[in-house]
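Look for chain A in each of the two complexes below; its partner is chain B in the first and chain C in the second.
Entry: the complex of A and B
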């Protein structure tokens, strides 16, 4: 069996992971940020005004910074989910759906059953894991490409949420398509009063640490990476690649699902219609974090600030927040052409 | 007993079939484009983005020029431009196809959404010059047999398939692998642009943010379901078109509470189809792999 360092599948540039070509990654980031003003000008707005609104909205005062951090929480969870899955050879575009199912389970256990917060989070993680395993089993047993199945599961999850908040889980008043507010015992405590920043921040730090340890310091993580780097070689070495993939997929679903439950129990405190969008940004987070759980943390913070700043930019400067997607897309392009990010199949 | 008049030809069956056909059109066009690309070994999961580009450009160009054919041209050009970005990244710069395709979808979503809102403010209301749906149906009806014959029995078709199955051998035989893949990718972009134009210039008369709603991914599944054959793609598109179209007819019967479950139907069908067909499918051998000499 090869030594762990020999099967490092894809080394990505990252700003913060030691040893990676930092300058290269920094150039791409700068490039992406210089592009945002261009998009703003296309939208017929003043780039200076929009830029000021973006920075102000992301980190202008403590409460804005808390908002950025609260957006970082779900991005870490989904970013970890995508990074872990990539490492195990599973292109998880379904973090969004897994997160929605986790949020749905969390809302059901919290707003409806009024269970304590710990069980709400556990239920969310299990729901996310089950949703991801659907795609995992379809890939391993039936050869269905996860690129398509995970996206389909995202859309189905979106409709299930829409059904639930207009049907069985709708608020007692039955006016808006949303659940009741979670009772206090089901909520995650706030870290800062009057902000959306909640105790989930500590959970995501722990999750990132555990994921890093699992992936790089345990035999299990080694087997996952081996199965992801080269399934054929892994099979030759006596590793059941399908089994490893399924384990990793279950964990990545649980991470996204937990992220969804935390969003409901900590930030929004109720579930409404519509998707989160974090699951798609997570792909950029994972790539920018060099598919390393510890790299995901700063990458998620960056995108969390972009998200909070983007919303503020929309409110004050009139630039649609969807403009941020342009920057994320270009960032993914840049990371895709980075040296040594090649498919190994 | 179900009263027979519900199933009368004129009131139910014919409109249902026409609706299915209309919903099948964008799926068919995008699937045919992707099919050609994939037979050349190019896996482009950015269909959604290219369709959005076509939908926005079609609506905007037809409104600005006041002419539907010019709008159509704009849609094709936008689809090809986005496809060109993808080809540059994956064929020329050898980037990972799945990562680049994901980037393309986000990029196009953001760009079309931003431009749409910016122009909406300037021109108040952008209404497309529309084309009747049969125009797109005609394009599809011509393309299916043409592509089937072209891929099977012509020299460029053979070269394209060789590039998708065994690029090294094709290269040795004097086929320019990168050029063939570039052309196939641009063709894919053109058809996705048309598919988007159908949505914004025929099915409706305006662009909406993210109006493709996953159709690009359903088209990807249709290529697999149709076993990389244009006739199979036609069958798959009609099946999914029927699933989408049935929503309109069942909506009144099922009530608003359960309506979201009905909306999930085409996506669930995609999962079932992939579970049944993906494993046994004859995918091109070099699909999604960058070619380096």
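Entry: the complex of A and C
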């Protein structure tokens, strides 16, 4: 696997970010466009019918669109987390774990302590930051590869959640492995009644904007990018690269953790067993968004719609939603391989 | 046995070897002497099959051969020992040997191989524990394994343990496997003097068995002690060939560094206050613009101390690998020294003096702020490829300070400044100018950018390592002029270069870095020092006090 600084953000294709190679992006879009029908045909179904079901399910009516958007919210947070960390030279595979820790902290502060939503979110962000810093400090001070430590920390987070919802945080009824529903003051208000779409959407937009500003319009962000793009050159210029990386890692953990807390306080309203999976899709979101916070927004929306639409497709057209996963997998592969193909030509 | 006739090797426009004739017979040790870039390694790589010549021919046992791969060379029983170890540390000795076997090993029998390697080494008079992992071995032992590997030129087939045992009894049998020609590239670079002596005994033993040995080195004493004949290369040409008995080290040193005087006007200080500061002046210089390095220990560096005063250029000559890299890494803040300190001052601006010290082990210190570094490796340390030129300039603390805004970093200012600097330093990029990614700059333009960044804002001491390596004549000239100007402005400039011509052209005082120590250890040489003196120091003929 290439080290973060070996991947040049500039050559990553992006459909939406200005300055990205246009022709290449167009080919990429076409490729994705034809890939899904092919997979559907392999599954023995009509691609037209499946496609219609997918689009219908993702954006057919306001409530479907709200569903897509509510899936987009955690993808933006984790996507920002991965993109930011990547820019600072930290290959964050741990967005999932950081998100879980944020959700756990949010559930504890909400369902148990019954704190107001603002503090629930803050607690989630801090928990995520602390979780990410574990891997960050191990990397910067001891040279432990973050690709391994963050993946391992994901499993630890998963088990901590499992322990909590069956133990100290389990619902009062003690029947299911889940927490109580958060009290109203701990919840994020819904944007559309009777949907999962919550006020986190506004927070997400603000986060993307702030991250972009930080990365490209402030000295701090410049130092992070320098430390990520070439730690040797950064250190040679008197920049403490390890410190920059740690700062960025803390922020990216906070973003994931906030995403987890928002998921609990806004969408699910309680915490159950199992992982979210958003933290892994986030890697694809970040790459498709060209590691640019503003690119992450549309990329997350695309994946959010694919997710929501895929489930609808399964229900109405009988095409298993894993067909979408297959396409996403191939896209990630293409994203990782494509810049290298380009360079050798 | 081996003969090179009129061999020429070019890399692009650069001619590494030009019409080189070279021959070696069985049972002979030939020393190959030369500075960095003289063509020693290229010659080795041609014979070792890594490169192919552009002209001339290589003859082996009287017939012309085309060595297209290292395997070709091995098949002809030519063994190569590279300067850097080519061993897999976590593998055992036997496994490393098997890895090198010319015939693929389908099934690896660890015990069989270990027995075989040990028996084989015993035949050479060495004791080797082939089951030990390479990482457990000392440097000297590893060197021996490298030689063993190179000697292990041919394996006929998988042999049983019994057979290999039997073979060790009969020397004539295993001689068939032994390399007939051994090429050694700076084999003593990593060895202590004692280990080097042991190595020489081994090589003499091989010579007695009829093995031809090419010994590449820049250490004159070793060449004189070991070799039968010496060939001196300079700038890709053979400039001398003598039996060791009919020459002496001083003559070889002269041949190695050459006599030609650089045609360029020397860029030395015209006033003599910088060259020989009086004690009072020295103290004054210490107060404002100096670079003082005290008892630095790091890697090869052993108690390295040096003081560069304001307004002078001190040239540090020496062959690569004698501590240059460590010195740069420590001064550049990439590596913490084991011991020692350095401090750098700033050229005085009225009403203000700055002085900062970085102690050993401190992660970051203010010395970095007053010290401008022009790293030897501009591609990986000097620039960030994926960043555009303005972003690369913003790596300078001083430019960033000027661009600091209340809410945002003032990229407009950074870009405008970069554009101005590019004009002034004649950095040529594409039409996108300061938005060009640094990866798209040519070597000369990249170096000008690095130099511009190092010299533009700060008033502190400058350390430049190989500042003109790989540059064309005009770019090199420009960079040297900039360094001279920095000294004229009162800054202390330390020039670390393996290019002697550059050292002579720029330096006010000259020192030599040899095996991590500064020579001479009392007073540095004046700019008019003879090439012979410096060559002798580079070759290790002159030792500092307190050394044997």
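Throughout what follows, the second predicted complex is superposed on the first by the 324 of 345 C-alpha atoms of A that agree within 3 Å, B and C clash if a C-alpha of one lies under 4 Å from a C-alpha of the other, contacts with A are read in each partner's own complex, and residues count from 1 in each chain.
The rule is short, and it goes like this: a residue touches a chain if its C-beta (ideal position, glycine included) is under 8 Å from a C-beta of that chain, and two chains touch if they have at least 3 such contacts.
On a predicted model such as this, the values are computed, not experimentally measured, just so you know.
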| item | value |
| --- | --- |
| Partner chain(s) touched by A:283 [first = chain B, second = chain C, both, neither] | first |
| Contacts of A:148 with chain B and chain C, given as first, second, both or neither | first |
| First, second, both or neither for A:68, with chain B first and chain C second | neither |
| Touched partner set for A:92, first chain B, second chain C, both or neither | neither |
| Winner by number of chain A residues touched, once chain B and chain C are compared | B |
| First (chain B), second (chain C), both or neither touched by A:187 | neither |
| Touched partner set for A:245, first chain B, second chain C, both or neither | neither |
| Touching partner for A:226 - first (chain B), second (chain C), both, neither | second |
| Intersection of the chain A residues that touch chain B with those that touch chain C | none |
| Partner chain A, residues of chain C touching it in the complex | 332-334, 363-364, 368-369, 373, 375, 380-387, 391, 394-397, 400, 403-404, 408-409, 411, 437 |
| Touching residues (chain side chain A, partner chain B) in the complex | 39, 42-45, 91, 93, 134, 138, 142-145, 147-149, 151-153, 155-156, 159-160, 162-163, 166-167, 280, 283-284, 287, 319-320, 322-333, 335-337, 341-343, 345 |
| Chain A partner contacts - residues on chain B that touch it in the complex | 45, 85, 89, 93-100, 102-111, 113-115, 117-118, 121-122, 209, 213-214, 217-218, 220-221, 224, 256-258, 260-261, 263-264, 267-268, 270-271, 274-276, 278-281, 288-290 |
| Of all residues in chain A, those that touch chain C in their complex | 8-10, 213, 217-219, 222, 225-226, 229-230, 232-240 |
